[in-house]
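Next up: some structures, all given as structure tokens.
First subunit A sits with subunit B, and in the next complex the same chain sits with subunit C.
For the complex of A and B:
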């Protein structure tokens, strides 16, 4: 039982990271139809920035917020490259974000070197049901829950959030009522960058990040997001949590080296199942 | 290039042949072939491995370019077929079977795996297929790194030299000629596929699967065949690679290698054979130059890696934004426009 609680809580904490990454992907894809391959990079940038700022003497909290803002700025830059030029198809934009991922590798290696980095999170641990749990797990879960609540309020209660929703459901109608769709796309990229950044600063104390951690982060984030067809936030969040717990259970009860295989196989199964529900006719009719 | 010749047209007279030989296109092909054949004699010892790498990449990229450009299917995991080919060849050769059998089996093993996993995977489209192929490679790398019979993370070492009918491929230049021969076969197959009825079917399904299906194109079968074919090409290159380097390990086939193949295909120009060759050549040579620059005196130790990533990224973004069709088609358009200032209607 104690083992189970241990795996469950640590899985939920890691899953919060995936859920945040996934919701960033969804936010961007809904508005711009672009699958942002650089989403994992936002988390890496934020995690590494937070580590550097902390070791430079900034207090906890300030360093993390600055890192998230830096990730948001990175998101804006990616957005400008990906959708700033008229007539870039979503498929080309995917390749552009792949290219930006390469560029980010170069910059990250120049600044932080190619070793994994981490920073201490919330110290100490608590015992629940016989399980020894780091306090950082609860911090991650709490912060992610706050983030999701804020995101929900943003999309339902603010003009900007509603404008984003309008662009997502019908870009043409949105333009007709005077919403600048390209600018909304850039807002979505910035928001996606910040969501990735939150994931990065929360997860880095749990598992160290290096410049090329982004491939695994993006595949897990994509796996979470694909549950909602890349368009719905709720399933993306639930998917992220389920993925985190599943990986943690596999690592705990079976073999740690197979945890990423399970996640990837799960993602493939979900995608293929979804594809059997949506034929080419549906997809091309929706264009 | 695509039209069928009637028997009358097929009887090419001597004058026709001579005229054809003088066309800039034929001359260019002949010049490239001659250069490719002469290069192993001219290049110095340190440049030869670069040439072999270039040729192997070109083999993979030709198939990938056909898959992405003609059939419109994105694969971000093509290095997995390279891996399968290399491991097949290495496993057969290290189990005391004839080495030529290994080279022969490599493309078939890769194509077979592609055909099997393609049945579920090719139901996916666009970015979903891209992520699915990427996931497939991550799974494969993980599994190969943990099996006893594949040698785990260390891989298989001591792969013997390739021997065909008593001739041992021992020197680097012999592998260059082997790779060149393989590339010629791959280019010929691709050219014929593209110019055939299935080739036109592929172009149709890339635009709209529904329209192609209604017009009688067997969409599922064609997608599967072209996926297997391009995987077979990658497997062939992998087989040569295994004999050439003498060892295979999961670390030699990272996800980044798959991305590199995509970069080469996109930069050269998707859906053209010349684009694939030009992309592989341009990127390989550029990386070689950058590597020399990065390892020059006074540069930090991370310089080669930083430079190559930066150039990959910048090139990919710039080409997709400003030359979306790639180097070769853009250059060809420019050439045609220059020669014919007023295009015929």
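For the complex of A and C:
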């Protein structure tokens, strides 16, 4: 029982990171139709930046916020490179984000070296149902919940959020009412960068990050995002949480080395299922 | 001729100009050419709409009407020529083009995007519900679930939210029941009469268009073939034959190039 609670809570905390990353992917894809392979990099940049700022003496809170803003700025730069030029297709933009991901490795190694970094989060632990749980888990879950609530309010309550939704819903109509769809795409990239950044600063105290941690993060974030067809935030969030818990259970009860297989298996299953749905639809339509 | 001749300026209303027509123009299209790859969809077309004027653009399917509309709205870039819009043009696009997942209220509010610097008051939808009262009951319905006529009404309301000087309507009647078309046409007349809203109406139903507008252009295969006052066009044998159901066969090639 105590083990189960332990795996559940730690899985949820890690899953929050996946969910945030997946939400960033969805936010960007809905508006731009670009699958952003640099999404994991935002988390790495924010995590490593927060660590450096904390060792430079900035207090907790400030360091994390600055790091998230830095990730947002990184997102904007990736967006400019990916969709800033007129007529770049989403497929070309995808390749650009992939390329930027590798370029970022070089820059990150120059700044932070190639060793894993971490920083202490909220110290201490609590005992619940016999399980010894780090307080950081709860901080991560609480902060992520706040982040999701803010994101939800942004999309449903603000004019800018609605305009982003309009670009996702019908880009031609969005342009017809005067919305600059490219600029909205850059807003989406900035937002995606910040979401990745929040994931990075929350998760780094739990598991140290190095320049190439983005692979693991993007794999899980993508698996979560694809549950909603890369276009729906709800499934991406729930998918991220479920993945985190499932992987934590697999690692706890079975073998840690198998946990990333969970994400890959889920991703393949969803993609095959969706592909079969598509073929079925096409065959239906062809009749 | 350089392709960068295209000018789009949202200029402040130009004062009385020396040789300009009596009415100040809200849309001026000069020698516009639109190409898709190597195919020329619009070939050196000129067109003006004056403030408060109602102008029809008729012509068969594929004539280039929507292409011209998209160029006027700045949605596509002409290969040559110039498009000027003085003040604000708002579009009721062909096929409605709503945001299907959003409700009617949000669809309307997004129409006020060009006024976003003016704060929340500019996005107040009550002024549209006053003009189109049928929409008020639908305000929380998702636009994708509405009937064609209701959607066209939302598209109208969304365009009006921009407080335009000129309303560009691409295919008013397409796919709509005659009664609904008539109601929308009445709304257009009313808006034009009460507020001096200029209208550029693209319409397959030439009778409706000539009836609603004071001046008209006939576009065929990318070129303006005939232009003039609606009454004159309605009386012309050529127009009657091709667009008013006067004859079965299209006009012969003997007509001049306008």
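Convention: the second predicted complex is superposed on the first by the 279 of 287 C-alpha atoms of A that agree within 3 Å, B and C clash if a C-alpha of one lies under 4 Å from a C-alpha of the other, contacts with A are read in each partner's own complex, and residues count from 1 in each chain.
In this section, a residue touches a chain if its C-beta (ideal position, glycine included) is under 8 Å from a C-beta of that chain, and two chains touch if they have at least 3 such contacts.
Computed from a prediction, not measured in an experiment: that's the story for all the values here.
Enquirer: Do subunit B and subunit C fit side by side on subunit A in the superposed arrangement, or is it a clash?
Expert: Result for subunit B and subunit C: fit.
Enquirer: What's your read, subunit B or subunit C touching more residues of subunit A?
Expert: B
Enquirer: Just checking: does A:111 make contact with subunit B only, subunit C only, both, or neither of them? Give me first, second, both or neither.
Expert: It touches nothing on subunit B or subunit C.
Enquirer: Tell me the contact category for A:165 with respect to subunit B and subunit C: first, second, both or neither.
Expert: After superposition on chain A, A:165 lies in contact with subunit C alone.
Enquirer: Put down the vertex angle at subunit A formed with subunit B and subunit C, C-alpha centres only, nearest 10°.
Expert: With subunit A as the vertex, subunit B and subunit C sit 90 degrees apart.
Enquirer: Applying the document's definition of touch, where does A:176 land relative to subunit B and subunit C: first, second, both, or neither?
Expert: second
Enquirer: To be precise, I mean the smallest distance between any C-alpha of subunit B and any C-alpha of subunit C in the superposed model; what is it in Å?
Expert: 12
Enquirer: Would you pull the subunit B residues touching subunit A in the complex into a rising list?
Expert: Of all residues in subunit B, those touching subunit A are 74, 120-121, 123-128, 130-132, 134-136, 138-139, 142-143, 146, 208-210, 213, 219, 255, 259, 262-263, 266, 302, 305-307, 309-310, 312-317, 320-321, 324.
Enquirer: Would you pull the subunit A residues touching subunit C in the complex into a rising list?
Expert: Residues 159, 162-163, 165-166, 169-170, 172-179 of subunit A touch subunit C in their complex.
Enquirer: Could you pull out which subunit C residues touch subunit A in their complex?
Expert: Residues of subunit C touching subunit A: 73, 75, 90-91, 93, 97-102, 106, 109-111, 113-114, 116, 123, 158, 162.
Enquirer: Mind pulling up the subunit A residues that touch subunit B in the complex?
Expert: Within the complex, subunit A touches subunit B at residues 35, 81, 85, 88, 90-92, 94-96, 98-107, 109-110, 113-114, 215-216, 219, 222-223, 226, 257-258, 260-261, 264-265, 267-268, 271-272, 275-276, 280-281, 283-284.
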